[in-house]
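Common to both upcoming complexes is chain A, partnered first by chain B, then by chain C.
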Partner chain A sequence: MQHNEVIRSMKTVTLTLTNPSELLLEGQNITPDNFAAKKAAEIATLDVWEGKQKGPLGNYFTVAGDGAATAADTRIVLRGDCTRVKRIGQQMTAGEIVIEGNADMYIGGWMKGGKIHVKGNVDSFCGIGMEGGELIVDGNAGHHLGASPRGEWRGMKGGLIRVAGSVGNDTATFINGGTIIIGGDADIHVSTHGEGGTVVIKGNAKGRVGGQMVKGDIYVYGTIENPLPGFKMVGEVEQEVDGETALFAHYIGDLGERHPISRGKTVYANLYTRI
Partner chain B sequence: MSELLIKNGFVFDPLQGIKGDRMDIGIKDGKIVETSALENPKTIDAAGMTVMAGGVDIHSHVVGPKVNVGRLFRPEDKLFKSPHKSPTCSRMEMGSSVPSTFKTGYDYARMGYVFVNEAAMPPLHSPHVHEEIRDTPIIDNAAMPVFGNNWFTLEYLKNNEIENNAAYTAWLLQATRGFGIKVVNPGGSEAWGWGLNCVHIHDPVPYFDITPARIITGLIETNEHLGLPHSMHLHCNNLGNPGNYTDTLESLRLAEGYTPKNNFGREQVMHVTHLQFHAYGGDSWGNVESRSKDIMDYVNAHDNITVDMGQVTLDETTTMTADGPFEHHLRALNNLKWANVDVELETAAGVVPYIYSPKVKVCTIQWAVGLELALFSKDLMRTFITTDHPNAGPFTRYPQVITWLMSRAARDETMKTFKWLDRTIESTSIDSIDRELDLYEIAQMTRAGPAKALGISDMYGGLAPGMDADIAVYPLNPEDMPSDPAAIEKAFSRCAWLVKDGIVTVRDGEVVSEPAKRTIWVDVKVPENAQVQRDIYEHFLRHYSVKLDNYSLFEEHLHNPRVIEVNAAQ
Partner chain C sequence: MSKKVENVGCPYCGVCCDDLVVTVSDDGKKILEVENACAIGNQIFHHATGGERVRLPRLRQPDGTYKDISYDEAIDYAANVLYKAKKPLIYGFGSTNCEGMAAAAKVAEKAGAVLDNCASICHGSSFLAIFDNGYPSCTLGETKNRADVIVYWGANPAHAHPRHMSRYSIFPRGFFTGKGHKSRKIIVVDPRHTDTAQVADIYLQVQQGHDYELFDAFRAVVRGHEIPDVVAGIRREQIVEVADILKKARFGTIFYGMGLCHSDGRNHNVDIAISLTRDLNDFTKWTIMAMRGHYNITGPGAVWSWQYGYPYCLDLTKRDIAHMNPGETSSIDLAMRDEVDAFINIGTDAGAHFPIDAVKHLRKHPWITIDPNICMASEISDLHIPVGIVGVEVPGIVYRMDNVPIQYRKVIDPPEGVISDEEVFERIHKRLCELEAEEVAKEPVKAAPEGVRVGE
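Take a look at the complex of A and B:
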């Protein structure tokens, strides 16, 4: 009953991309936070950027439905081909976004809460600087998934990113917390400079996994084409990961890096490869 | 031509001893004039407001290669952190601790500042410094080349050749269009080339076999031999380490017996910068404590020294200094990214981001030390407000520093946020100080004093007829000072009016025009010196990576110069 009440109180705003932009569209205003307490007509006046031109959202999308009173109760559904719409859900704190097809870069960047579900593929920089919430991608993701923004040493702090397909390079750079689960393969550089958090790769990894990593966990179910010499095998362990238990070879590293000492014990990053 | 009358404001001008009198200030053709000289002026109503000369910053890192390294390697310093979007300025503003050149000019102007002295110019990279000066709008700039680790300087001073060193100094000021003699960790940055440092002033520099102490006294002698407008400007050895106050006191004592010789009204022979970083007791980070009292007792008793604070503002910022070994040391403390460079025969530099957190005991002690220096000072014409921008905090936090100095309540409010309040109080004197500075003292610390110490008080820092018409009007009534310290901070953040060279530049905190800015440099005439000319030729032939012909600044790099001429040829 409780659950049904929650569903009933949610309101859905449907954006349909009927007039696609010529250039990439910057859609950082497409968040439940910005749509909450606004009527459809007001939502259509929110700014989006096409190159250096600022224009109303309504120039590109038809807007149906009003926002709920709060971000948490606002659900946004994007229809049409959003392959060239960037920054959807950037800095969102609550609510839900469903993207029916593909989306471009920076989806869910710096998000703090709520949920984004992309049914297609996303491009690079998705979930960067993430602090909380969930980003679910049914297809593939590009580079820098869940990484820190350029220059920033305080990367992903929390939340969950789940990509069913494969990802590009530089996943989870400077990860500090949170979880990234990749159903397919990962290209080079995973959790570089990591200081916490968990990355699970259910397919294969190319190489440079955990370079300069100080703390945190990486699980690779498949093979690592070029493992780093800075990781040393210390044993075999049984671990439960994403709801299933399996046997893993346990490595610690990156031994070329400084490592903090906590309660008299040196803290290392853990790399587990499935046996 | 253009005439302005700033009417009925409360005027604070320490250079003339004016303490909040209600006065009118006349402006004609970019200069301050007697009001009787005006015919048909436009009027600015400053009733109920504070009127001061435009601010003068004696030490700030705003232009040049290491500042730009800070901008380049900290893109995160711009992300979601460029808070002020001006409705009036033509150029985009970016960055917080290392703002873009445009933002630097605009933000200084909004705070009522008109003159900023770039604290360290690597001579080899002077073209870059001057290109950024050109791109920094509104504020007039000078830049001090660094001498304390320069091979020429080390060799001449080792041999006690003051005249030769003076001739070289004059040549370098001309070659770089520099303003004065800056000394950063004398000998230490050169020792860094061997992976070493000069922690104490009697540690000899490797190879050159000269001590920091002799570099300091030699450069004081050189400075007074030439009679430069500004004094030798010193960043002491052993910056930022527990127990370094003894090294600082030893450095200060080196000025004993020297008297200023110049025609610019300067009364000191040594300016010691960001003193906060040099006033620590204890012997580890565990027991570090404030020694500001010992330092200021000495400074108060010796009027041939001026100092600036280097106040920690408890922000995330970017440290950058020609003190290469210090930045390496800092990198090892915080494990953040680090840039490092060696500048051939001249200097070095390092850049490391730093977070001064109210949750960290060392940071809150540093905060207290800086404020104590000013609050223990008996002569605020010799004690200046700086944050060693951006090392201890961004210059945009000066209004907060002013507020801490003017209000015990503001200090208490900040101290409430300290995680280690008791430990901070135990290790410092801040909690026992009730002193609150007044607007006259703030005017001393932010315009009159620095202008005098820089030897430019005939142009900047005051409101006497004949001086540049640089005037800041703050929305602050001295007869009805706000009880809320936040209101003081707000007033100094956004001046009601800034007039620069007689042109209304800021109105209600927004930049409304961009008057032509200037580059101030010092051109010293010295007798022909064949020995030095030959040394310069030889060093460029054998050691520099550039040819002598390509070294000196080309005229096209120099933007709108204002030359201060000094004749040391007699």
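Take a look at the complex of A and C:
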């Protein structure tokens, strides 16, 4: 296959965590946007935070390779144990990040474009306030995946989050758009207060699926341990989800919540459980 | 002649009873009698002069014992701990006045610390729900004078807020509620048949951890939809009956407690309770109120929201940016994730209230306790700084559970030489400024990376 553009100018910056921090490290500067058009030595001078101490990235990571001219052509590879590094790829708009192992909180938070691939697990608040791009996690994710930041009633607006493993609670709170696909199970509260978007849970859901939800879609392939009384079954439908077609029981809700009227018809949130 | 002090505020629970009468001995050194207070409030006053008090700061020695030191030495120690730490945590404030909280916030900002209060393990989740969904609340006076339906959901005031029911909710005769108890309907929702449930007209024994489902059922019924036969252990007929009572009330208040904030889902349980309250306002007047625990735990929310825009879990490590996100910047999470390297426990007892693993993590680093009394935290600290008891020996402003500020007075003087929380923090702040100035004088370049945008 031809990827002319990629072959043309993609440059890789490899960060290896060689001197881990004592407390957690906040790496909001680790984005293709910040690395673009910078030499390795300049990248090493970018700030990271350990509590109140601001220090150069080079104190903790060894940097190999230069950034490309633009963020879109910059690829960042993180090696070493980044379990205690937060905010990688926060607010990124383009380019690519590959995290070879685990990472901590806020990975891909508020991201607008580009792609992040985490080969291990991530902690909570990843992909919060997401507007675009792709966040792929091969392991598990913590709580508040693709949720809205505290107090923000306009949550995830776009983009794709794909988690191969299971997720914690409060997934997709206040979701407005975009897609979240979870390979494993989800803990309580999925798409609470949702007003759009799609969440697919290929495993089981514990409960409170679609609570206070106004609009949007949820698919659950497994079981819902404690379904909400505010959802009512209205029929069976065949739907194509993530490339495969299956038969689903169709519920509407949350009947306890307000719902807009569009073209004379009340709009409900849809919950589909696989039959 | 002993002296009677009237209209004294009680430094125990969020009800903030302000009708206490305290009798003080001739010499003004001993509290003889406390009238009108509940058993717990009574004890707080008597405890102040009933036994031996710690009068000097105590510093842990290499052999594990405590040694008395001067306040100056203690202030210097605390300031140095804060100055050297990368991410110190200052937590507590359940039992102090707003003046002390404001002074502590100054210290936290200067030291680049995380500032948190007991709401973090209590009604903090209510704040999150309020951020997301608003707070259709009222004052306790409105409830007393207007409410004819009272709901206690996941709260047990009979034990936790002993005079709440008699002063504001169930028993008092108010302006429009002249028949008192007789004209009020009391509904209690709790998995346990508590002593509060004993006085209820209707008791709903909700299945533990399923309050959210029950609220959802109430909301669906209020909007005229069908619900399953049984929800969260409650029969449909009973849900419909109670929903009807709620809709027909003249004025109602939902008081909720830890049963909502600290069972699974936390803020979402409160959030949906707020949604139900809003729904009911399509029919009649309904309000909701958090049963805040300590007498001034509403205070830090008010003070710090004014200072920084957030009520709790304030990460001030970036100094010019306040960041707040419980789950990350909340005390327990910081401790469990080993994110902090110094701890100040003030006006609470983290030693007793935190999970043991959190205590173990915090104990790896310097731990300072600022408290009038000997408590579990003071006994495992590196430094214990005694202070005067607010509401007994120190006056100040406190916020009642309905966000009404009340000026508390003192009835006696603190033990000789013992200072207030506010003074401790003011002096720590002064010492921090001195340390910073010393650093700048020594090596101007090295002082720069301390978070503040020096030179910008």
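The working rule: the second predicted complex is superposed on the first by the 270 of 275 C-alpha atoms of A that agree within 3 Å, B and C clash if a C-alpha of one lies under 4 Å from a C-alpha of the other, contacts with A are read in each partner's own complex, and residues count from 1 in each chain.
As a convention for this text, contacts are C-beta pairs under 8 Å (C-beta built on N, C-alpha and C of every residue); 3 or more make two chains touch, one makes a residue touch a chain.
The structure presented is a predicted model; accordingly, all values stated were derived computationally and were not measured.
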Chain B and chain C placed together on chain A: clash or fit? clash
For A:L23, using the defined touch cut-off, is the partner it touches chain B, chain C, both, or neither? Pick first, second, both or neither.
second
Practice task
Examine A:Q53 and indicate which partner it touches, taking first as chain B and second as chain C; both and neither are also allowed.
Solution key: second
Look at A:K115 in the shared chain and tell me whether it touches chain B only, chain C only, both, or neither; answer first, second, both or neither. neither
*With the two structures laid over each other on chain A, which partner does A:K38 touch: chain B (first), chain C (second), both, or neither?*
neither
Per residue count on chain A, the busier partner among chain B and chain C is C
Figure out whether A:K11 sits in contact with chain B (first) or chain C (second), or with both, or with neither.
-> neither
For A:G151, using the defined touch cut-off, is the partner it touches chain B, chain C, both, or neither? Pick first, second, both or neither.
both
After superposition on chain A, the stretch of chain B among 133-141, 241-249 or 331-339 that runs into chain C is 331-339
Going through chain A, the residues touched by chain B and also by chain C turn out to be 149-151, 153
Residue set of chain A touching chain B in the complex reads 110, 149-153, 258
Counting only contacts in the complex, chain C reaches chain A at residues 85-87, 111-113, 128, 131-132, 210, 212-213, 215-220, 222-223, 225-228, 231, 264-265, 268, 271-272, 275, 279, 317-319, 324-328, 337-341, 449-451
Within their complex, chain B touches chain A through residues 73-77, 79-80, 335-337, 353
Counting only contacts in the complex, chain A reaches chain C at residues 22-24, 49-55, 105, 124-125, 143-144, 149-151, 153, 169-170, 174, 188-189, 192-193, 207-208, 211-212, 226, 228-230, 232, 254-257
